[in-house]
Amino acid sequence: MFVERIKTEGLAQLSYLIGDGSEAAVIDPRRDCEIYARKARERGCRITHIFETHRNEDLISGAPILAAMTGAAVHHGPHAAGEVAYADIVGEGDSFSFGNLRLKVLETPGHTDDSLSFAIYDDNYGDEAVGVFSGDALFVGDVGRTDFYPERAEEVAGKLFDSLQKIIALGDQANLYPAHGAGSVCGDKMADRDFSTLGYERRNNPMLQIDQREKFVQAKLDEHHNQPPYFRVMERLNLEGASPVSPSMVPPALDVPEFEAVADKAVLVDVRGIAAFLGAHIPGSLALPVDMIAAFAGWYLQEDDALVLIADGVTQAEAAARNLARIGYDDIHGYLNTAMPGWAAAGKAFLSVPVIDAGEVRERVSEQPEGWTLLDVRDRGEVSDGIVAGAETIYVGKLQEKLDGLAKDRHYTVMCASGARATIAASVLLRAGFANVGVFLGSMGAWCAAGGEVVKPS
Amino acid sequence: MFVERIKTEGLAQLSYLIGDGSEAAVIDPRRDCEIYARKARERGCRITHIFETHRNEDLISGAPILAAMTGAAVHHGPHAAGEVAYADIVGEGDSFSFGNLRLKVLETPGHTDDSLSFAIYDDNYGDEAVGVFSGDALFVGDVGRTDFYPERAEEVAGKLFDSLQKIIALGDQANLYPAHGAGSVCGDKMADRDFSTLGYERRNNPMLQIDQREKFVQAKLDEHHNQPPYFRVMERLNLEGASPVSPSMVPPALDVPEFEAVADKAVLVDVRGIAAFLGAHIPGSLALPVDMIAAFAGWYLQEDDALVLIADGVTQAEAAARNLARIGYDDIHGYLNTAMPGWAAAGKAFLSVPVIDAGEVRERVSEQPEGWTLLDVRDRGEVSDGIVAGAETIYVGKLQEKLDGLAKDRHYTVMCASGARATIAASVLLRAGFANVGVFLGSMGAWCAAGGEVVKPS
Amino acid sequence: MFVERIKTEGLAQLSYLIGDGSEAAVIDPRRDCEIYARKARERGCRITHIFETHRNEDLISGAPILAAMTGAAVHHGPHAAGEVAYADIVGEGDSFSFGNLRLKVLETPGHTDDSLSFAIYDDNYGDEAVGVFSGDALFVGDVGRTDFYPERAEEVAGKLFDSLQKIIALGDQANLYPAHGAGSVCGDKMADRDFSTLGYERRNNPMLQIDQREKFVQAKLDEHHNQPPYFRVMERLNLEGASPVSPSMVPPALDVPEFEAVADKAVLVDVRGIAAFLGAHIPGSLALPVDMIAAFAGWYLQEDDALVLIADGVTQAEAAARNLARIGYDDIHGYLNTAMPGWAAAGKAFLSVPVIDAGEVRERVSEQPEGWTLLDVRDRGEVSDGIVAGAETIYVGKLQEKLDGLAKDRHYTVMCASGARATIAASVLLRAGFANVGVFLGSMGAWCAAGGEVVKPS
Amino acid sequence: MFVERIKTEGLAQLSYLIGDGSEAAVIDPRRDCEIYARKARERGCRITHIFETHRNEDLISGAPILAAMTGAAVHHGPHAAGEVAYADIVGEGDSFSFGNLRLKVLETPGHTDDSLSFAIYDDNYGDEAVGVFSGDALFVGDVGRTDFYPERAEEVAGKLFDSLQKIIALGDQANLYPAHGAGSVCGDKMADRDFSTLGYERRNNPMLQIDQREKFVQAKLDEHHNQPPYFRVMERLNLEGASPVSPSMVPPALDVPEFEAVADKAVLVDVRGIAAFLGAHIPGSLALPVDMIAAFAGWYLQEDDALVLIADGVTQAEAAARNLARIGYDDIHGYLNTAMPGWAAAGKAFLSVPVIDAGEVRERVSEQPEGWTLLDVRDRGEVSDGIVAGAETIYVGKLQEKLDGLAKDRHYTVMCASGARATIAASVLLRAGFANVGVFLGSMGAWCAAGGEVVKPS
């Protein structure tokens, strides 16, 4: 009997391969799902069932794809926001066996109406659950967000409270297997620890310390979460069933002329690191370092955008294409297989972004040069903890839609917590035609380390 | 914060890489220990500490080797049966931090005098242990054996009882991380499940249901465990510190003449599957299928034996050499890179082993042909549950030393539970000059499936 | 500029990835063709062209599959035995460039009417060809077979002679890149060396030493080659364009009951080694060791046969499924994940094959026991060099269709060169209901090593 | 019979594994030599001999290390510049067999006095050589350099001429296997093609078109090659026998405080890409992008320097450590596992390098601002083809030793062919305390593409 966690970095999504004897099941497979088939084979198993804890909004489900690959059936909860075209509906108390491993379905709505949890039992000895797959209901250190039905906000927060009681009732001894870990867009207070038990969470998870339903509901109503626009696309695809990863997931190498031939029909996505973008990049490109794609691509890219990548080699290009495919961006025409010196030596244009440090920011803040703005692109929660006096605040994800409120002839120095999101934001401004854009590298971290003053936003 | 289980198949040994931030520790590394360094690197960590739960008797510890490789210090418990030449001694209450992960030492003697457990805590939130590394004190479904000090049998069984109370007191919420899983020679009632919690074990582990110390001690005194002779070598090496795996761990390929040149100075070890050995093997070779090496090699091979392998290709030869190295057999001169048809076509001698099924055994049992013996090589526990009437019983591990009690001119049909250990036993008889040896394939399993009668041994 | 050889063991097929800069081409891709895409990526290239030297008869071409995967066009020669549905036709003198690498088409019919060779040039310096892809026209140490058009035998042998002159005229300096190496069914005199030059072959290849066209034609007419029945299927599929390898190429693991549930609707194929089959196998199974599948499966399996495998673990099952898929056998329901002791212990029937050595054969040959036949299954060429006196000869590939000439109540001892093909033949007899079948392990090799007499067949 | 090329990128070094049957040999193994043992095993061979074509000056030989690992003997040529402590001396006509593959020694001095070539023959058929390992005597498109004995320059160039005649006499049909490919510091006119034949080179290699000995000698005397100072260390180590790669070859991950703790006792080597260094780097660090280490590290690093790396993740850190180890730099204390935004956010100092393009350079050249110098760091051959008017020229490798000729208060814009070497040079100036240093990205390539004028250097 085994439970194997398969973690998707970037999305911080946790999926699971479980089984006993020659049979296995997968909980919440991701889109590039050959990994489950391979791991099952290595264990001498075949996949006979696929379970979804809920309809995901932050990534493409691999359930219909893995089902086609293996012949296994997909099981999904009732009351989804539409017909789940590829799944059988299961509900409270349904039960499935894999050798001596038994899986029992619990309906645990709240995050979504169709949310399920799956308790597992060892038929060899003992009666209590040995573990529970809690989906987006219960995380290590946090609980699921309940902001997807604004008009039913109180109702669904209350449902989540009830669902959590049902999960906790499985007993302190049960291992906890949630659908996300720290770094996910599905919760920002998750602990940076992949394992826990119901016992540990019952006593320590801050949200489980609230024992009154109404107080819990109020706490949920007070939360703020971002909803990148690509969530809508994921929701639709995860009812219809998305297509397998396309053969173009591994993008073709392009030399300079080949790159130029496709560049004007595509969005240029620079997936190199932050410092490389600052040092030299191709004019018009969007900065999306490979490990920031999962969190930020969905704010800027449209469902049908053709993309062409700028990457530091084939390994990075592949990783970027994989990260993009997991959230639905398949149409990648290739990547430039030439580094910036070669690009420039071919006589092509490049840009670098002026970078300043805390000392220089402090000077400017005190001098307030004409036409200069310090633009802070952190999110609402971070901003509420304090800003540099005078900074203008727009969340990096919302920057594109709020460009009209900014002036192209001003000089913007962009900051965030470290300079990483600020670089993405700077690329958004530069693409929109802002000419005078710089980055405060180190940003709020460096500001505080240098003893800079922090004020409450107005 | 992470805990990663590294399982060594065959030995069913469980070791762990744990860490947080840029620091990591290893619990109970095995001899071929590059895997820990590699996995730590992949997580962006470096190994700064090594912990041993006790001095192992069934395998070579990699602690001194990994220490030399990484510069990390080794930590071992007090009261070992000699000086642990390569380790610092730690005891009750000592504590170590890796980022926000804190490890606390518990002295939990019983299995050995130097046995430690290690509780881990998450300094980010919560006060209780998130897990415990229990060494050979507590397993999933069983507890450690206490038969290593026969003259102190009651005392050490009592100590184990006390140690288990100390571990259980960490709380139901703690994950359990033992040093062995099902299949280990360190316990035969372990559950075939790699994960559990203290809560689950507290309520369900049969040995933890015994709540009186004296009853627990008596239950331990009633157990019977095998002690293969190589245990003595492991115990010595794990005080002195064994050498790294030798470069010859990957054995050189030998063609027929090269094989013959080394064969008469070495023990021929046939690591192919059971059926292949039965079909055709080289006279004088010992049957030790690659996945049975961990459990049985230590009964037949001496510490300094030179070995030469017969294997189905390089992958199997490598796996065999690795399994042998883990229990101290390094002197491998190579493997025959020619399959049996090629060997025979070169004019070399071969043998096959007559194989009979349940029907034929039933006939012989009823006819009792002159000079024929059914030899059952299962262990004491299995035999006590019942045998085929008239069978002689000698445990496969003890066969070599009990050959004097058998007659070379008799016809022996060997059986076990399935025919696998019987084939090892048959090879032991054939090597010793017994000419008339066959195997009952299917053995007790087939006998019972065919409705054969089972009687209590006299 | 690079040329990378990709060798498919078993089929001894050689395919090539060539390229320069960011562009690459593939010559004669095999069916499981993701390897070319991967290797091209690792070199920072994308595949823009696919070339076939001819329509293959011994394996499934991956050209249409790789074309769909990469978007590259397929190029094939004129005069194929039907329309090549997936390819553009190219002919003498057509030319393609990849960076500074230039490929020029030569029409070189003989083996087939559509056979092409491809000379490559380095546009950086030098005018002569740096290499030539010679398909099945010229091998290292041999030339292509010309027995596919029996009614045009002289004509096509003459065409091959002319084609070879054209190839040789490219100059001694050219590297030779043929489509097959030693071990292929497409020629049995190839050297066991993967590399050569036109200069070396011009002076040393036996067939190129024949300088008169009519003598060359006669030599070709005197050759004898086998044509397994699956060749017809390959020829059809390689006009139509075969489908990609099916998802079931990696067969699911089956436990004993699951295996039995599918076994009676399928051909049982035992892909373990020869000795294992001899030691114990499932009644009714066909012996096809994994490394003999390419050469022998096509004699026994029908295009639409459902298969179920008996394998020593998942790695061997995967390799077998891959080998089967390359010659068109996709319908594999799974593999038994239980070794013979476990199978027998579940009360299931098994068989072993009596094995005898040269000494025992010599006795029987001299005694000629009633009802006994020594059956030699080697091919015509081997048999013509001499047999054991009295042996009956039927080529292993033709055995199935010649069973009527044998008597089920006789006792057959089967031999070949080593005992490997003899074991396949024994399994064919056993499946057909012959009850008394044994194998002479070591066969002709052991016979000669023991000084046995060899006589010319009558 | 096989020949497998193992290419070491960066050094562009070519080594070879050759063999037949169960025996294999290695020609010119590199320091990290486990790859040869692994590849031999995969082919079912064991390594029995190691051959060196000459004492290498540009990399550490793995011959003594592989010898210790496998037990194989090392064979080296006579007349080395000292005793080769680990090798047997072989000479003209000595011969070794591996199955049917035969290797024959040719003395081919010139590049060094101890240079050997090895001709190989196929004992199955044919009398001529099938290939030749030509070391640093003959390359694809070039011949070896002869500048290592300045006082004997004519003599050794003449010896090389004679050696080349001896090699060419092996015949047009022989494959050519040199010790280096394009990109090596051992020759700058090699073709970017890994394969050739003696026939192709005889007709096309420019140096082989010179048929008079004295003209050939003069051509060699007219060449100019760089000799980085680390060559002296390699020469010594390759007589003594260097140690195996150290366990620290894979550097430990360091967080910011750990990095700072070792930084002031070590050379900071930034192995990220050019653009990343330009964008943000740690003050005092030397820019050595991972793929430029082989060619440039030996100019700046001393034999015993302690190093600490700045890398984009563990994969790049490993590659850098491997590249450094191959040329003798083992003492690597770790790598910073934090990217520049995180470093800056921790309040640490960083620098960026101003980058300008061809347009801005053109303006400055015409305006000649006070105190500004355009510094061209290309090598002698490139410079002789033309420079930007007014540029000062110092080869990047010699910059460190010529710093005294530059003024720290001047403003330097550094250029090369593309901006890559210019960035290394800029880092050398910044480390030396030059405050006003920028890079012309695109450099001579961009200058020419923009129609800039090129003048002959004075």
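We call the chains A, B, C and D, going by the order they appear; numbering starts again at 1 in every chain.
Basically, a contact is a pair of C-beta atoms (placed from the backbone, for glycine too) under 8 Å apart; a residue touches a chain by one contact, two chains touch by 3 or more.
Nothing here was measured: the structure is a model prediction, and the numbers come from that model.
Enquirer: In the touch network of chains, how many steps separate subunit A from subunit D on the shortest route?
Expert: Contact-graph shortest path, subunit A to subunit D, evaluates to 1.
Enquirer: Between subunit A and subunit C, how many degrees of rotation does a Cα superposition need? Round to steps of 5.
Expert: Result for this pair is 180 degrees.
Enquirer: On a C-alpha centroid basis, what's the spacing between subunit A and subunit C, in Å?
Expert: Their C-alpha centroids are separated by 49 Å.
Enquirer: What is the distance, in whole Å, between the centres of subunit A and subunit B, each centre taken as the mean of its C-alpha atoms?
Expert: Subunit A and subunit B have C-alpha centres separated by 43 Å.
Enquirer: What parts of subunit C, by residue number, touch at least two of the other chains?
Expert: none
Enquirer: Of all residues in subunit A, which touch subunit B in the complex?
Expert: Where subunit A meets subunit B, its residues are 1-3, 20, 122, 124-128, 130-131, 141, 171-175, 191-200, 202-204, 206.
Enquirer: Per the contact definition, I'd like the list of subunit A residues that touch subunit C in the complex.
Expert: Touching subunit C from subunit A are residues 21-22, 37, 41-42, 44-46, 68-70, 247, 250, 252-255, 258, 313-314, 318, 334, 337.
Enquirer: What part of subunit A is in contact with subunit D in the complex they form?
Expert: Subunit A reaches subunit D through residues 272-281, 312, 315, 339-350, 352-353, 355, 357-358, 417-420, 423, 441-446, 448-450.
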